[in-house]
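Listed below are the structures to be examined.
Paired with chain B in one complex and with chain C in the other, chain A is shared by the two complexes that follow.
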Partner chain A sequence: MVQQMAQVGKLLIGVWMAGVAAAMFLIVPQYEGLGNAGRIIIMHVPTAWVSVLAFALSAIFSGLYLWRRKPAYDDYALAAAEGGFLFTALATITGMIFSEVVWGVFWNWDPRQTSIFVLLLIYAALFALRSAIDDPQRRRQLSAVYALFAFVTVPFLVFVAPRMAESTLHPNCVFIQGSHCDGITLAEGRIGLLGDHKLHLLELERQGDVVTAHVLVGEPGLARETLLRPSFNLATGTMMDRPEFPGVRYQLGLERVDLASNSALLNIEAPGTGVLANRTTLYTFLASTTGFTALFIWMLHVRATLLGIAWTLAQREGVRL
Partner chain B sequence: MRALFAAAWAVFVKDLRSELRTRYALNAMVLFAACTAVMVSIGTTFIGLRRTDEALLIQASLLWIALLFAAMSGLARSFVHEEETRTLAALRMAAPPLAVYLGKFLFNVAILVLLSIVTSLLFIIFVRVHVASPLAFLAILAGGGLCLASATTILAAMIAQASFKSALFAVLAFPLLVPPLVVAIQGTALSLGDGGLALALPALQFLLAYSVATFVASLMLFPFVWEA
Partner chain C sequence: MIPNAALEAGVAIYVALAVALSVWLAIFIYLWRIDALARRLKQSLEQQQQQEDHERPAVPKARVTRVQAAEEETVER
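Right after this comes the complex of A and B.
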């Protein structure tokens, strides 16, 4: 009965993942400005989530092993680490592909890239430690200690992040090649380049606390130009209207105004969480996350059972693993 | 409690004495630091670096590279030595696990204090590193050293029981040391400029928090390593 249910569950996960993959290419609308490359987030984010989940599970099972001393817990800890390593590698590779297609660089030491790189190193260290100890009980115990100890240090990466956030590639910054997060400062009447766009600041118009910039936006070499009017509130120091660039979903923000020199800081703003605002994308994304989590748990169970069987066999035949 | 500290102190003094007899770790570490400082000096003094922010970051990174690799060659010594001379069993009988951990931790801190002083002096002399805020520089150096000691002492105890000891030590330690090293390098770069202690304070807080967290985790996990 249990076996039959497991069979059904296995098939269900297979069908589910196939459905997610199909939906990713057929149903999810293109994320404007990113083209087809944007679809990879349906795979990228869930694999990254699973790699973190696996790390946490590995630490939990390590703790259980140290507490209860049952080899089965260590099998689960090892299986979680192995699965986690696989998913971490997948998240890294999908992220690198996306990054190369959209931003033109494979690697940037972005905070999240740093953390996932450290996660890869920790998994690798864990496997190196396991392979360097012969005695099975000592191996279990020491690798459990290392998994827990590493788990304590990982949260500190979160604090490192703000220090390196200037070079982020992840959303809420800029998506366009050749552009940086610092925007461009233009005086009235001057022309400048922001990413692939030519900006011409015609004038800064002040009404009470609100300053509106009249910006002529075009692409170099193209005749068509559009007038955008981003605005800025002097009293609160925040951006108000952020009109979209023609044809793409990036917005033009007026980040700062200097009335003394009549100049303004203009920047591209990514739509932020806008990707998941689309219902179809959101549901596919959630389905993908669920599917990957189920897939991981199934892999974890199978691998841990196999390790347990191998251990029982080795004990029966008196072979040292 | 007092008995524990007395035992820890005894372990520390024993390690110090046996180290001063052979000077194995000290020689290796100091020579390593000297080699690095001289190599960096040969490579960079001809350039005549201007004191830009980038130059300060480069100098801070080089200093921490020298410190990290020198430390890697010596910090595992205290435990590996016990394993090699087969004195682990005696130590197990003589002292409770916490006392052993505390003693070895103190020994590693002592080694790192010496190493940091020697390395930074070599860098100040040979690489012409100009420290504009000495107090901040010393504080960051102390904080970073504390992180190195608290994160690696328990790892040393683990690798003493494994094969490929020294290579494994670096492999295990590096991923855990990424966060404090990033912060220590940036903090050191700030302290080379004339910002004073206030500018380096966030980095210092981070380093202290990290060392306290790893120290407490080590205290809780060390008995499991010791009995394995």
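Right after this comes the complex of A and C.
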């Protein structure tokens, strides 16, 4: 009975993920500024989430192994770490595609890209460690301890480090109204830093209800400066013109104007920001997250079973694994 | 230059969907098969183990009986 239920569950994963793929391409609306490339968020973020879950499970099974010394726990810990590595690689690749569309390059050592690269290296070192020790008992013990320490870095590298960085272009505002999306308030004539860009608010020009800011935008390294003119409608309280930063798909928005102090709130409008505000996108995204999680659990079980079989056979044949 | 019909704006999204579904189908079939094989292999290993345990004579008990019998036996020298 349990086995039949499991088989039905596996078939359901197949149908579910096919449905998610179909919804991603056919139902989810195009996002302004990204076109069809914005659909990648449906795959990118859930794979990153599953990798965190996988590394957490790897740490839990490692702890269980150190406590109970059952080889099966070590199999599950290794399978989870392998799954985590695979899903992190998938998140990196889908992120690189997104980066190419938005920033014009596959890799630009953005804090988010750097931290995920370090995470990949940390778990690659776990596999190197395992392959370097011949004695199975010792290998299991050391890798369990390593996996526990490796997991300590995961929350920092995935959640903390990218948000601590002052100059990330990763659209964190998709989920969190974090500091990167707070923007900067400048008075006329003042200079400030927004992301990697130097902003110099030259003047605020009012024509009726429309206020236009004249902003001199300097690229990182100040190689070039461009004059951008975002505008704001005082009557409706909404942004109007949002010109793109030179060379990238990010826009400069004029979010608020205070005429009394002659100051303005300027912000980066990242493509992908607020993408989940759309209900269809949100539900497809949640379905994708659920599907990827179920798929990972299935993969984890299969891989751990195979590792267990390999160990049993090796013991019978007297082969060292 | 011959235009590529598969990359035209209206068609490209369906081509991308077809590719994504094909890749997923291949991964799913691979996972399903490897899962079934692993399950079968595990079952047969467990069965073999049970059979071996069943067939193996109860060595310690027999040894004790024989040792006891040998001790009770009077040996003429």
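Definition applied: the second predicted complex is superposed on the first by the 208 of 321 C-alpha atoms of A that agree within 3 Å, B and C clash if a C-alpha of one lies under 4 Å from a C-alpha of the other, contacts with A are read in each partner's own complex, and residues count from 1 in each chain.
In this section, a contact is a pair of C-beta atoms (placed from the backbone, for glycine too) under 8 Å apart; a residue touches a chain by one contact, two chains touch by 3 or more.
Not measured: the values here are computed from a predicted model.
*Asks:* Look at A:118 in the shared chain and tell me whether it touches chain B only, chain C only, both, or neither; answer first, second, both or neither.
*Replies:* A:118 sits against chain B, while chain C stays out of touch.
*Asks:* Of the two partner chains, chain B (first) and chain C (second), which one does A:150 touch, if any: first, second, both, or neither?
*Replies:* First partner only.
*Asks:* State whether A:26 touches chain B only (first), chain C only (second), both chains, or neither.
*Replies:* A:26 contacts chain C only, not chain B.
*Asks:* Just checking: does A:56 make contact with chain B only, chain C only, both, or neither of them? Give me first, second, both or neither.
*Replies:* neither
*Asks:* In the three-chain superposition, say which chain, chain B or chain C, touches more residues of chain A.
*Replies:* B
*Asks:* Regarding the shared-chain residue A:282, is it in contact with chain B (first), chain C (second), both, or neither?
*Replies:* neither
*Asks:* Which partner does A:129 contact after superposing on A: first (chain B), second (chain C), both, neither?
*Replies:* Once the two structures are laid over each other on A, A:129 reaches chain B alone.
*Asks:* What part of chain A is shared between its chain B contacts and its chain C contacts?
*Replies:* none
*Asks:* Under the stated contact criterion, what part of chain A meets chain B in this complex?
*Replies:* Residue list for chain A touching chain B: 66, 114, 118, 121-122, 124-125, 128-129, 132-134, 137-138, 141-142, 144-146, 148-150, 152-153, 156-157, 159-160, 163-164.
*Asks:* For chain C, which residues count as touching chain A in their complex?
*Replies:* Per the stated touch rule, the residues are 12-14, 16-17, 20-21, 24-25, 28, 31-32, 34-35, 38-39, 41-42, 45.
*Asks:* Within their complex, state which residues of chain B touch chain A.
*Replies:* 151, 154-155, 158-159, 161-164, 168, 171-172, 174-176, 178-180, 182-183, 186, 206, 209-210, 213-214, 217-218, 221, 224-225, 227-228
*Asks:* Can you tell me which positions in chain A touch chain C when the two form their complex?
*Replies:* 10, 13-14, 17-18, 21-22, 24-26, 36, 298-299, 301-302, 305-306, 308-309, 312-313
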